[in-house]
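Once you scroll down, you'll see the structures, which are given as structure tokens.
Each of the next two complexes has chain A plus one other chain: chain B in the first, chain C in the second.
Up next, the complex of A and B:
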């Protein structure tokens, strides 16, 4: 199976573990990942003003490139990339004016034909044909639970993991349509398929503080604290995320959180792909575990004793 | 049309152009219209007048018909839905057949929608010309007369059904009151106290229930369901299913021995699942009829081999496991639909836990908790651990008035019952904190606002204007997140219990029945009235009347008023010696009919049937509502609507297009 894969820039920088574990896991599921040629940053944030068309051009360009390469699906793991790509696609499908204006930018792209070294002029507008799929969806719908179950080498039996959706995976529901925003279950289903116990807690869709991390780090720390605390209070031994920024706010900043909130004993933070890769049998060394500020090593012992953790 | 005119028109048509004050005359030059039509073939008289519908206007029409010996008239005025009946009556008084009247609509379809006077006047002339062509070929028709069966069917045994049945019975007519549950009483019997007087709901409801069951003119059919209805206004045939109760209500003496021995325990619907009952049970002590009912779905197996305990102890031998569905056929002349409502489901409100938290309950559950006959005997205890809640948050508009995610409409009664809930809670738990989140308080109704003021001022209930975004559990507390839109701040309230004023929605179990009855509903599944202002208790389907919350959210006084109004309408119908049916029907020309049967599938009223012997379609003209669907579908031109024939329509079109 071949599929286009858009890592996004954070996965090449701050969240290498997410990229690494995705690639290792997909190899074991016989899925070949193709990166669209010359992909750029998606812009990370979907423009909040109607008029800001520039911010839509970059993701549209990536999607068009996937189409030009013959792809009809592109998978992402980063929640931000997922939200931006999918929303741009939605705008292209449903908003005629945006479609026209975005394509006006795309048309200006100068393409040099790699064979003839000449400028190509044939341009076909991009209409949102490529399907943007989150890896969780891809695993559920395209790889399928049967195949995953048959490849599972080290199910994480007994490990209590809190799934964390954050703010980017579920809303706006009309545009993303990944799951019910108030009662999601795709992440829980994934964790159960990995052998984990999915912890139910009320903060799984609350924001981690997001970009306040830059301007008001204390506010981000407080927001993340509430999520982590609720997960722990409900019995979680780890929290699983799909977003590099959530990871940063919860893991890299956890020392700060513990400084600020003395009642919080700490909670390991994992990318969901690390759980997947480990369960499929990927070497511990290839999971990018060194990159974690909160040690997670003990979660991935072959003979794991749930009691030992924390 | 290429048909050549063979002879000059043999009709004497009179044209009356109405000014409607300046409604028409402000845009259309009415005098010019009247003048221009004077020379048109067939028109032997033409005039204009300021208000044709006024008494002098009608008198002029009557006098002119007599004087000029007119045999057809055209009124160029407003829409026929407004005054066609008025002018038909005037014509009748002048001795002219009412079906020789044509209404040319030059108001709604002309003056009201145009500004260019010249063009509007020319359009008016074209419209009138079309109607002259039609009038030339109009036949005199006689209304179809049918008998009335003076017996009514009321579907639903809640307060609206009971009130309607009692009123009809008091008018002196026989009533069948059909209720699908084991007892009448509906939702009202479940309520604790009623706003704004705090009457005990059961105390005012049970006398009505008893009266309905004892009334000589009311035949009470509980545990029955209406299967199908055929026929037409005044002459319906109803098929009713009698569901097996397995207990003979005439023998049961309520000794209760069966209940004691029954081993099956299931959630009690009457207490909204907050307590339990046995599989053989009485829904509530005041149930009418007073009898036990065996709930077959939860019984161990309706067989003495599997259990049979109840049958063994029943001294009266009232229990029979072999009872089967039986059907009865009844004839009625009118049907009142009073099928009630249900509440929006918890699952739909994921942000409030979606059924996850036992202590987040809906208003009806709280009614049971408040009720002296409820699961905790009227002591307010929360469902999860039976503790008395020291803080309750009430959330108004749960599911209502949310165009984006839930239901766009207002459920109307929640503001008042939430005020009542909060007040009753404060009366019983004086040191408790009651907090109400609201969008705005709608307390329009007699003594309603005073009641709400009392809740706030005397009972010190805290009202916060804003919506609740999320409810979740932390330890054994519920945390309610909301916004206070008056201060613009986010608020967090700790509560022991949350009561959601859940939106009222169409009743769950009756949609199928309504589809089978072909009763029109609105987009939310509530019954549609014939006219939102002038015919609010009638259905669009003749002979059907609406009462209660099946028609839309409403409180008890409004429900009772509507039920009485529906009963009065039934009385109207039954007081007529015979019913008049519009003769604008679609008969079949046997010569042309090929018997293909296409029109049968088009007819929404079941008025057409195929005569297999003669291979032609026959029409029950009493059932035909004159919609014309068959006439449009008929490939042979055999189905021609009276006074709307193809010939007439083509003549109208060509006259209008000629200019």
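Up next, the complex of A and C:
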């Protein structure tokens, strides 16, 4: 099975673990990932005013490239990329004015014929044809639970993991339509399929502080703390995320959170793809575990001992 | 709180501009307060999210533009998902930030990020914060 895969800017440098574990895991599920040629950053934030059209051009260009290469589906693992790409698609499908304005930017792009090297500008308008799918969705709907179950080498039996959705996977629901915004379950289903115990806790769809960790670090740390503490209090041994920024706010900034909130004993943060890759039998060395500020090594042992982790 | 309302074309122009930019009908809001109840950043704000939309409804441009709340919204869309009237408040916040004077205060740009911090931050957050808070 071949499918287009859009890693996004952060996965190439600051969240290599997410990219690496995705690739290793998909190899074991017989899925070949193709990166669209010449992809750029998606812009990270979907522009929310009617007049900021420029911000829509880059993600639309990425999606058009997927279409030009014959793809009808593109998968992402980063929540930010997922939200931006999917929302741009939605705008192109439903908003005639935006469609016209975005395509006015895109029509002058230079297209180089792979055989004749001829340069032309005759791209057809992009109308939102390519389906944007999050890896969790792809695993559930296209790979299927049966196949995943048959490939599991090391199910993480008894490991209590708190799924963390954050903001970008769920909202706005009308445009993303991944799951119910206030009662999601796709992440829980994934964790159960991996053999983990999915911890239910009240902050799984709350915001971790997002980009405010740059401008208002204390406020963002407090938001992350609320999530981490709730997960920990409900018995989680680790929290699983899909967004590199949630990872940064909760893992790399966790020392700072513990300085601010002395009652918080710490909680390892994992990318969901690391759980997937490990369960499928990928080598420990290929999970990018050194990249964590909070040590996670003990979670990935063949004979895990819950006492040791906590 | 005591506020003085201005009548005439000026406040109306501001309201219309916000509606045009955001694509939202600010008059749909009936102040139930669910946006503020669910907002993860409410504790940090000077005006709560529902107060911002009330100020826009009344055309109090200066009050709104002076508010620190504009730069505390993380665009997490919790308010949007809970609004019984379907208003996307994050869009209203963005529209207000958009009409702020380009040389105005408080906008957060690349110069405010130290090189050491920039080294450590994920790329997406650098792009996101500049997209949100600088012109």
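To be clear about the criterion, the second predicted complex is superposed on the first by the 308 of 310 C-alpha atoms of A that agree within 3 Å, B and C clash if a C-alpha of one lies under 4 Å from a C-alpha of the other, contacts with A are read in each partner's own complex, and residues count from 1 in each chain.
Assume a residue touches a chain if its C-beta (ideal position, glycine included) is under 8 Å from a C-beta of that chain, and two chains touch if they have at least 3 such contacts.
If you're wondering where the values come from, they're calculated on a predicted model, not measured in any experiment.
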Using the touch definition from the top, say if A:259 reaches chain B (first), chain C (second), both or neither.
neither
Thinking of the overlay built on chain A, is A:183 touched by chain B (first), by chain C (second), by both, or by neither?
first
Which of chain B and chain C A:44 touches, first, second, both or neither
second
Contacts for A:233 in the overlay, against chain B (first) and chain C (second): which applies, first, second, both or neither?
first
In the overlay, answer first, second, both or neither for which of chain B and chain C A:202 touches.
first
Given the touch rule stated above, what does A:214 touch, chain B (first), chain C (second), both, or neither?
second
More residues of chain A in touch with chain C or with chain B?
C
Across the two complexes, what residues of chain A are contacted by chain B and by chain C?
181-182
Footprint of chain C on chain A - complex, ascending
8-10, 13-15, 41, 43-45, 47-52, 55, 78, 80, 166-167, 170-173, 181-182, 205-207, 209-216, 219-220, 222-223, 226, 244-245, 247-248, 252
In the complex formed with chain A, which residues of chain B make contact?
349-351, 354, 470, 472-474, 479
Sort out for me which residues of chain C touch chain A in the complex.
20-23, 40-41, 43-44, 71-72, 74-78, 80-82, 88, 90-91, 93-95, 98, 108, 112-113, 117, 120-129, 131-133
Using the touch rule from the top, collect the residues of chain A that touch chain B in their complex.
180-183, 202-203, 230, 233
